[in-house]
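As written, the chain order gives the labels A, B and C, with residue 1 at the start of each chain.
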Amino acid sequence: MHATTQSRHWIWIAVAAGMLLLPLGLGSDFALSVCTKIFIAIVFALSYNLLLGQGGMLSFGHAVYSGLGGYFAIHALAAIGAGSLSFPVTLLPLIGGLAGLAFGLLFGYVSTGRAGTPFAMISLGLGELVAASVLMLPAFFGGEAGVAANRVTGSGLFGIDYGSQREVYYLVAAWTLACAALMYWLTHTPFGRMANAVRDNAERVGFIGYSTHLLRYQVLVVSATFAGVAGGLAAINNEIVSVEAVGAHASGAVLLMVFIGGAGHFLGPVIGAVVVTLLQTVVSSYTHAWLFYFGLLFLVMVLFAPGGFASLLATLLPTLCSRRQLRLLAPGYLIGLGGLALLLLATVIGVEAGYHIAGHGMGATFRLFGRSFDSGALPALAVAAAALLGGILIWRYALDRTADARAVLGTQELMHGRPHAAGNAKAEHA
Amino acid sequence: MEFFLVSLLNGVSYGMLLFMLSSGLTLIFGMMGVLNFAHASFYMLGAYFAYAVGSQLGFWPALLMVPFLVGLIGAGVERFGLRQVHRFGPVAELLFTFGLAFMIEELVHLAWGRSAVDYPIPADLDFTLFTLFNTGFPAYRGFMMLVSAGMMVGVWLVLTRTRIGLVIQAALTHPEMAESLGHDVPRVFMLVFGGGCALAGLAGVIGGNAFVTEPGMAAAVGSIVFVIVVVGGLGSLEGALLASLLIGVLQTFSVASEWKPLALLGGGVSSGVLAQAAGLKLSQMAPILPYLLMVAVLIVRPKGLLGTRED
Amino acid sequence: MNAPAIELKGVTKSFGATEIIRGVDLAVQRGERHAVIGPNGAGKSTLFHLISARITVSAGDIRLNGESVVGLAPHQISRRGLSRSFQITNVFPRLSAFDNLRCSLLWRGGHGHSFWRRLAGLDSVNERASEVIEDIGLAARAAVPAGMLSYAEQRALEIGMTVAAGAEVILLDEPTAGMSRSETGAAIDLIRKLSDGRTLLMVEHDMDVVFGLADRISVLVRGAVIATGTPEEIRANPAVQEAYLGKAHA
């Protein structure tokens, strides 16, 4: 991403404008709520990528910081509502951030001694520890039911009391933009660059004057702080925090988000956050099998595109920008896309049928794309099988076609003396 | 005294079951550098398959068939999944097994539902082996210990006395060298991975009916097994044994204990978090004890109790 | 009295039962260029690892500018003014060549863990990094990730990273390993220029480099120093000739 400073400023302004204008285009409160959840996930995922993509530390327990941040934020919210605390609700995520900071300092000290597999296992253990402790102390954590509070605490500035989803959306959008900008800033500071250095070669870092442990510790603390902010935002949006907020599922979800999106690019977690949140909210309302799709997507990405969607886009972008490359490669890509669509169709039919059979026994009908299918009967299976076969064949044809096109392109470049960069190098992955 | 002995026996049998799981994990990690996140999932598969096969054919045929079946699945996973991801590095391998664990849990949900299934102890083993101070020691527990011990001895014999065991030991530390000596190291990897999974499956067969068989069992046992591996020291079988027994005994003793370890925190406070923490009995804190042990070991001895391999 | 820049007294290192370094005494004066030579397996790299605290001594004392550094962590020794390169290239592969140099400049430049200033705005760091990248001949490849540089380019970067921050004491571990004749010549000039006025301790196999650069030479054989002196003294020393140099330079 070598955009000039000028164009980078424009990108930020465009994004801000987009976030500002989005509610006008969306109809329902449900859509606004989904967008709000997406923004919160973006902050959480970006904080996680500070740890993984920037610092090279894989954690299975990051939800600890966002969850604990959420708990402290919601207690503060309840106190504001009860009148015992005078603090603007607008700045409530700050409390979440401070809680994240505090626990980052506490837990980070024992967990950042090593990286790699030991760190991952320790983070897993700490996550379980916190989740179990939460259930043991209902006085603060509210047990299974969690802690709830009302975000409407009386009339605020300009009459904004966060009663409507729209107001919450704007609050979350502002915080998201601020956090994203801050985290982006960090990646261009000495601290951010040294975090990258620790990721690349932890040992060498010592020989240029830095303590590896201290650097990793700092990265974790900063990451935990932003995660706490995300937790605070969630507390405001959901008005309740319960044990799921610190649990293994939440930790796993953010890991999946960042990985699917791509840990090697700043925008990767953003993409992942959007995809996963949509899966969790929108797709889950259409099918019971959404978790299965989730897992399948993850496995497919690990096997074939470990750099995530961001790296796929990065290899595609030069092609899209060059007319010559586009002309040569487009047919192959489009055909490949068609093949993928067929494979997706086959998968969906197969999975839905499978889930339906498991739930209701053979022979029952189920609805897909607005039409009824008899799960046991021939038509559904035939369509699925045909789509599978067709998809595989078309995909392979597209691969051959693209390879040929690339060869032609390579020869052209050679003859014209220009370096060939159209996505033939192995995509850089985390 | 009675409580002590009975709890000790129970703790040791539980610890040995944990060792069955963590030994397979340690072997796989030691050889391939991959921490198999899905290891406990194979444990779960073993239990569920045994339930399914057992309800048709009985416990004993299940005991013989299921570990082999699970091992086969494990070998397949290595051959068609893990091997592809190997070139992307250890993080990708770990994540692959993570995704795999996820999928296996979903498939189990699909096939057997979300609640526990009734996987019973076989009738011929459902009696009291002996009585210790008025408390009966179940024969099935004894059977579990027997199988665990037999497995340990068997694995040790295979590794140290057979030719394939020697090759495995060589490939464990010097895979390239072993390969250039003509041994089919990828096949050895597949065997070890499949073998480790088979052990996990065996543990599931004999453990699933003693404890509960439900979709959450993989996650519950999985985290404890990881704690064991970290506490014992990554890559050390002896450390895994020590840690397994330690945690098995610790958990068993604490579950029955009324002691309130945090009583000092209470002070004069009568309500609130501190008071609640002070009032916690050890039995209520039992779930987090393995993790506390892990944190303590990490502070005092970061490499684990008998750790050799740093990664 | 001026303490030697580096002083080793009775330094011993054992791995298990095997003694790799056996009671080494060595003194390198400030501003001196000192080369350590010896047959393969003599323990030269191990000696470097001991001085820079990559591994710990089994016995003996190591002093940097008169102060004992035994038991310190690598980053602590680095902060006391010692900088080292590695025999097996040890760069930051995913950072650009330019960033590799900038990182090695940050600590001594006083920027520590600064997160409030942009890297692009650190003028002194950027200027120095530009200087060094010109000197090592990688100016055209500044934006390339270090992991994608050629072997010789990585060796040059390795040297650049080691000397960039202006450490008083520089350790170079086989800096010209694997380089061609011409590349070696350029490297010799570079090392001479960059180590001007500083203390240089160097491990080398290439005799042209050794005799071209060194003020004094120590010969390490099987973990012990068998001779120390000027290049002429070493050339004439019969024990050295017998153990190592052979007829080529006699």
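Going forward, a residue touches a chain if its C-beta (ideal position, glycine included) is under 8 Å from a C-beta of that chain, and two chains touch if they have at least 3 such contacts.
All values derive from a computational prediction rather than experimental measurement.
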Exercise. Which pair, A-B or A-C, has more C-beta contacts?
Worked result: A-B
Problem set entry | Chain whose mean Cα position lies farthest from subunit A | C
Exercise. Could you state the distance in Å from the CA-based centre of subunit B to that of subunit C?
Worked result: 48
Exercise. Between subunit A and subunit B, what is the separation of their C-alpha centroids in Å?
Worked result: 31
Exercise. If you average the CA atoms of subunit A and of subunit C, how many Å lie between those two points?
Worked result: 44
Exercise. Going by the touch rule set out above, which residues of subunit C reach two or more other chains?
Worked result: none
Exercise. Inside the complex, what are the residues of subunit B that reach subunit A?
Worked result: 29, 35, 81, 84-85, 88, 90-92, 94-96, 98-100, 102-103, 106, 110-111, 219, 223, 226-227, 229-230, 234, 271-273, 275-277, 280, 284-285, 287-288, 290-292, 294-295, 298-299, 302, 310-311
Problem set entry | subunit C-facing residues of subunit A, complex | 185-186, 188-194, 196-197, 199-201, 203-212, 214-215, 218, 222, 428
Exercise. If you look only at subunit A, which of its residues touch subunit B in the complex?
Worked result: 58, 60, 110-111, 113-114, 116-118, 120-122, 124-126, 128-129, 132-133, 136-140, 248, 252, 255, 259, 291-292, 294-296, 298-299, 302-303, 306, 354-355, 358, 429-430
Problem set entry | subunit A contact footprint on subunit C (complex, rising order) | 52, 54, 73-75, 78-79, 83-84, 86, 90-95, 99, 102-104, 106-108, 111-120, 122, 161, 165
